[in-house]
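The same chain A turns up in both complexes below, where it pairs with chain B and then with chain C.
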Partner chain A sequence: MLVFVQALVSGLSQGAIYAVVASGLALILGNLKVVNLAHGSFFTLGAYLTYTLYTTWGWSPLYSWLPVGGVVFFVALLAYRLVIGPLRHRRTTVAVATLGLGMLMESIFIIIWSPLHYYLRTTLPVIRVGGVRINLQEAYVGLIALLLMGLLFVFLKTRSGRALRFAAHDAEVAETVGIDVGRLHMLTFGGAGALAAVAGSLMAPLLTIHSTMGRMPMVIGLAVVIVGGMGNIHGALVAGLALGIISSLVGFYLSPALVYILSLAIIVIALALRPTGLYGALLRRDR
Partner chain B sequence: MESTTYPLFRTGRRIAGTAAAVLLAIGIFLVPLFVTNQFWLNALIMANLTAAFVATWDFLAGPVGQLSGGQALFLGGAGYVAALAGLAGVNPWLGMLLGLVFAAIAGLVAGLLSLRVSGPFLILATLALAEIAHESVLAIGFLSEQGYAIGGEGGIPLLQILPRSAEGFFTTAYFLSALLLVGLVAGLYLMARSRLGLQLRAAGRDILSAEAAGINTTLYRLLGFAVAAGAAGLVGVFWGQYVGRVTPSLLALQFSFSAMVLAVIGGRGSIIGPAMVAYLSTAVFSWLWVDPHYQQLVYALALLVLIRLRSL
Partner chain C sequence: MAAAIVLAACGGGAGQQQGDDDETGAADGEPIKIGVLSPFSGPFASVGKLKVDIFNLLLADVNEAGGINGRPVTFVAGDSQGTANEARNQALRLIDQEQVDLLVGAYLSEETVEIMEVAADRGIPLIIPTSASNEVNARIEQDPERYRHVFRVGYNITQWAQMMGDFILSRDVSSYGYVGANIRWNQEFAEELARYLAEHNVPQAFEDGFYSPSQPVFDPIIQQIQDTQPGIVVLGDPGQNAVELAKRIRQAGLEVPIFSVGGQMGDERAAATIQPLEEVYFQAASWMGDDGPTDEYFQRFKEEYGYPLVGYTDVLTHDSIMIAVEAMRRVDEVTPDALAEALAEGEFQGLAGTYTFGPDHQPPWEAGSDLSGVVVQWLAPETSQRVWPR
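On to the complex of A and B.
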């Protein structure tokens, strides 16, 4: 029973991270109408940068997610300018391009950081509260993630946030009322990349750092997005937390490998069963 | 994408083109006359197989008009089925057939998916299917009675019909792989250019018009997938037989990705172009002893640059 509570608590925190990752994907899917297959690589970049910042300058992973997020924001902007932006009207091509970008980043990681797997020490201890062991690092990560989600919700209510939602709903009309949709797309991509990197940075002490570490969070994020309703950020939070709990329980009672496979299966089944809907109608008319 | 060029339109070019293709095909078979070094034969066999694999992706992408992000599923999956059948004591020839059947069925599944899901989401769905297979074989491993590790990272051994220790193994394997390459590429190319190919293209690109013209698009779509997947499976079982082992790397994303990249570089849809590019790049990378990570870097960069420069 206690073990169940532990898994639950851990799952909530993991779920919050999945929600953050999923939000980035949801923003891109909702606005650019594209699946960003490079999202996982941005997550990985965040983790690698956090590692380097710690080993080179001793910056604590508790705080370094902030500068890491900032840096990766600009990296993502650059990637958008160079690779995605010029293509954004051809959705299939963009998907291939994001896949290419993701693979490119993975190979660059190996070249810069070598194929070695890295481990970052956690800074917060594991404590016992009435018989339940709580990993404070995990709890901290979960709290920051929830904070970020809260900030995201607040942002979506602001003027800029509403412009974003408007453009996601109908880009053409948004253009006519003066919203610079192209720039919006670029900033969205940057923001999503930053979110992924922050998630990666926060998780760095809790995971093994290697070049393909971002694939699983990305896949789980995609599953969350599909389940939570494509492009729906609120749905991403709820589905993220739910999936976090489920995956924690599955990972604990069954096997960690099963979590990845489960998310993949969710993606395939969900795509097969519900490709239609608001976004489905838009996506069917694919080039 | 309508820049598919079937390069043999006028009679003069047609004759020249066919002559060039035939010469190339003959050339491939003549290689063992000049190359006897085992390392090189192996590298070229790999080049043959990779080229055949890429051709199957391109058949799917071009004539059938569907982009698959998980072509490795058909290749590795067939190999694994053959290997597992061998473990169960099944005759290796039958095992190969089973592998082919698996690939065709998997192709049908992907084809069915493609009817529901299009474009980027199909890439994602096929990618996910391949990753499921990849993770599954990675995770499942056990020790045999003799104490050998089976499954997991090391993969599964295959009973080779022609054992590696046999006299002239590499030369024979080379001929067979060359036969596979030329046969497959020729077969797929001719199929693409035939009336069947036309119907496939119609079913893939514009369902409404095709249906109006009386083409059963569902049937042709599934057929196209089954052919492409089955062909990839054929390469896969051959690969398993040649190496003597199937490993998870045959199902890896890197593999599916490189097929995609090489096909795009070679000219998506033309089948012969991608095969040539795949052959050359595999051979060159072997020759230069390039680290697989750098290979991936080059592929990814080439893909991005090419996409920027021209439409897919």
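On to the complex of A and C.
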């Protein structure tokens, strides 16, 4: 039982991070209808900026995710204006452009920070509660991630959020009723980039910082988005948490070596059973 | 593009001429070209930067001292990107287009095995600094004539496991735990280490210490360490995951000694993030501590490039370059056959010791020999000591 609880605790914080990374991808997919293959680079940028803020001004990674998210929001806006916006009506081209953008960003990271690896200390300890180890650093990361998801859901209930959902539903009709869809897309891209950067910032003390560190979180995020139902934020949250917990359970009960393979296998099975993803059917019915 | 940026960032580049006459006035004549194969882009890009920095530093010295029999030495870099295919393509480019006299590389074993074939087909000398796969030796032993130009400087998996095994035995532990990435290299290393330690009745405390390199989940491994309490935990992954795992082991309050195969654990900046930094050891080819050439090299490199060396790829790349240069100095004419003969028959001094190549073109890395490697313990960030051999 203790092992099961330990696996759940470990999986929840990991899953929360998956969910935050995936939610940004889901936002873009839901609104711009493209897969953003530069998403991992915003995660990396968040980690690099966190490292720089710490080593330059001593800003703790515990709170530097806030300014990091803000800065990357504007970086993502700029990326949208320069790369995505001009191509936004050509979805296939945009997908390729995001891939190029991601590679360009990785190259810029190397120019700015060199190809060297960087490390940050964790600042919070591990505590034991009833025999279960709780890594407070991971728990903090998970809580902030869940908080962000909560804020995202609240935003989606606001007037702007409803406009966003309406534009996602039918951009052409939205434009005819006066919604500036182009601006919404730009803000969505900025917000998604900021979410990825916050995830990278929060994870920076637990990972090694280097130019391609965002690739794997992006791949996992894409898997979460697919399972959750393409472009569905609720689905991203549920699927992210589920994937985190499943990965942890596989690691504890079967083998840590099988985590990746079995996680992917579970995704394939889930899609075989529900081809539109967990929330895909709801999304389709909504339409 | 990333490769070009890395090379530009390093102050080097493909086709760059090092230490020509105008700069040094020390060497003239037709330059001798060394082809350097390494990842300069992707997840292993940092290795490419390291190698370019080492080549720049050492070849400047060589050229200032008159080059090789009066000829300057240059290097040309090829980005293997961490893949076997690209390593082969770049090896072909360096040989056919750049017309290098000798190749040094690559980094990953799968890359190296691929370029061995290119070097053998083209009859170009290849010096392998690090790739540890036993397949390199097996191929040379199977067909020594075909691979007569291929030499490895670094330790192979068997030698590595035995050197680390000797240190583990010196600690008189009743069991050990092995943790590594679920990749072929780590599995082979684990098998070699288990075989060696089993001969000395030191069993593994737990069997399932492999994690997915793509999606590492460390808590189950920490749980196993906690449950089985091995006398020492061996981290078989030379990359970033070992540092991340070591951080988590200590965060979890486990005081078990940690012994890494080396690599990133030798980076003082990485070590500084492991708290508490007690009983953390790593294997290295050579390390500072005796005010000798290794100390000088480490200090000079850090002053020049601003980042520390780790005692593995950096030392073995240094020694590979010095061996290549020395071999070229010993021949009348720099031809593949003359170089191969000089390498096969000579003795070469490096930072790690004196190198001689056996029939499988492998130096005899082992405890008690002149090439025994060292085990280093972190005492504090930026403070370390060699603890093995005693």
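As a working rule, the second predicted complex is superposed on the first by the 244 of 287 C-alpha atoms of A that agree within 3 Å, B and C clash if a C-alpha of one lies under 4 Å from a C-alpha of the other, contacts with A are read in each partner's own complex, and residues count from 1 in each chain.
The rule is short, and it goes like this: a contact is a pair of C-beta atoms (placed from the backbone, for glycine too) under 8 Å apart; a residue touches a chain by one contact, two chains touch by 3 or more.
Values in this document were obtained by computation on a predicted structure and should not be read as measured data.
A.B. asks: Go through the superposed model and pick first if A:165 touches only chain B, second if only chain C, both, or neither.
C.D. replies: A:165 sits against neither chain B nor chain C.
A.B. asks: Once the shared chain is lined up, is A:252 touching chain B (first), chain C (second), both, or neither of them?
C.D. replies: A:252: touches chain C, not chain B.
A.B. asks: Looking at the overlay, what does A:111 touch: chain B (first), chain C (second), both, or neither?
C.D. replies: both
A.B. asks: Going by the contact rule set out at the top, does A:103 touch chain B (first), chain C (second), both, or neither?
C.D. replies: In the superposition, A:103 touches chain B and chain C alike.
A.B. asks: Using the superposition on chain A described above, determine whether A:222 touches chain B (first), chain C (second), both, or neither.
C.D. replies: A:222 sits against chain B, while chain C stays out of touch.
A.B. asks: With both complexes superposed on chain A, which partner does A:234 reach: first (chain B), second (chain C), both or neither?
C.D. replies: Neither chain B nor chain C is touched by A:234.
A.B. asks: Quick one: classify A:267 as touching chain B (first), chain C (second), both or neither.
C.D. replies: It touches chain B, and chain C stays clear.
A.B. asks: Which residues form the common part of the chain A surface touched by chain B and by chain C?
C.D. replies: Comparing the two interfaces on chain A, one with chain B and one with chain C, the shared residues are 103, 106-107, 110-111, 115, 219, 255, 257-258, 260-261.
A.B. asks: Which chain A residues qualify as touching chain C in the complex?
C.D. replies: 3, 6-7, 10, 14, 103, 106-107, 110-111, 114-122, 125-126, 133, 135, 137, 205-208, 210-212, 216, 219-220, 247-248, 250-252, 255-261, 263
A.B. asks: If we count contacts the way the header does, which residues on chain A are in touch with chain B in the complex?
C.D. replies: Spelled out, the residues of chain A in touch with chain B are 34-35, 37, 82-83, 86-87, 90-97, 99-101, 103-104, 106-108, 110-111, 115, 215, 219, 222, 255, 257-258, 260-261, 264-265, 267-268, 271-272, 275, 283-284, 286-287.
A.B. asks: Would you tell me which residues of chain B are touching chain A in their complex?
C.D. replies: These residues of chain B touch chain A: 67, 69, 112-113, 116-121, 123-125, 127-129, 131-132, 135-136, 138-139, 253-254, 257, 260-261, 264, 293-294, 296-297, 299-301, 303-304, 307-308, 311-312.
A.B. asks: Touching chain A in the complex: which residues of chain C?
C.D. replies: Counting only chain C, the residues touching chain A are 1-2, 5-6, 9, 40, 42-43, 45-46, 48-49, 182, 208-212, 214-223, 240, 243-244, 247-248, 251-253, 264, 267, 269-270, 272-273, 275, 307.
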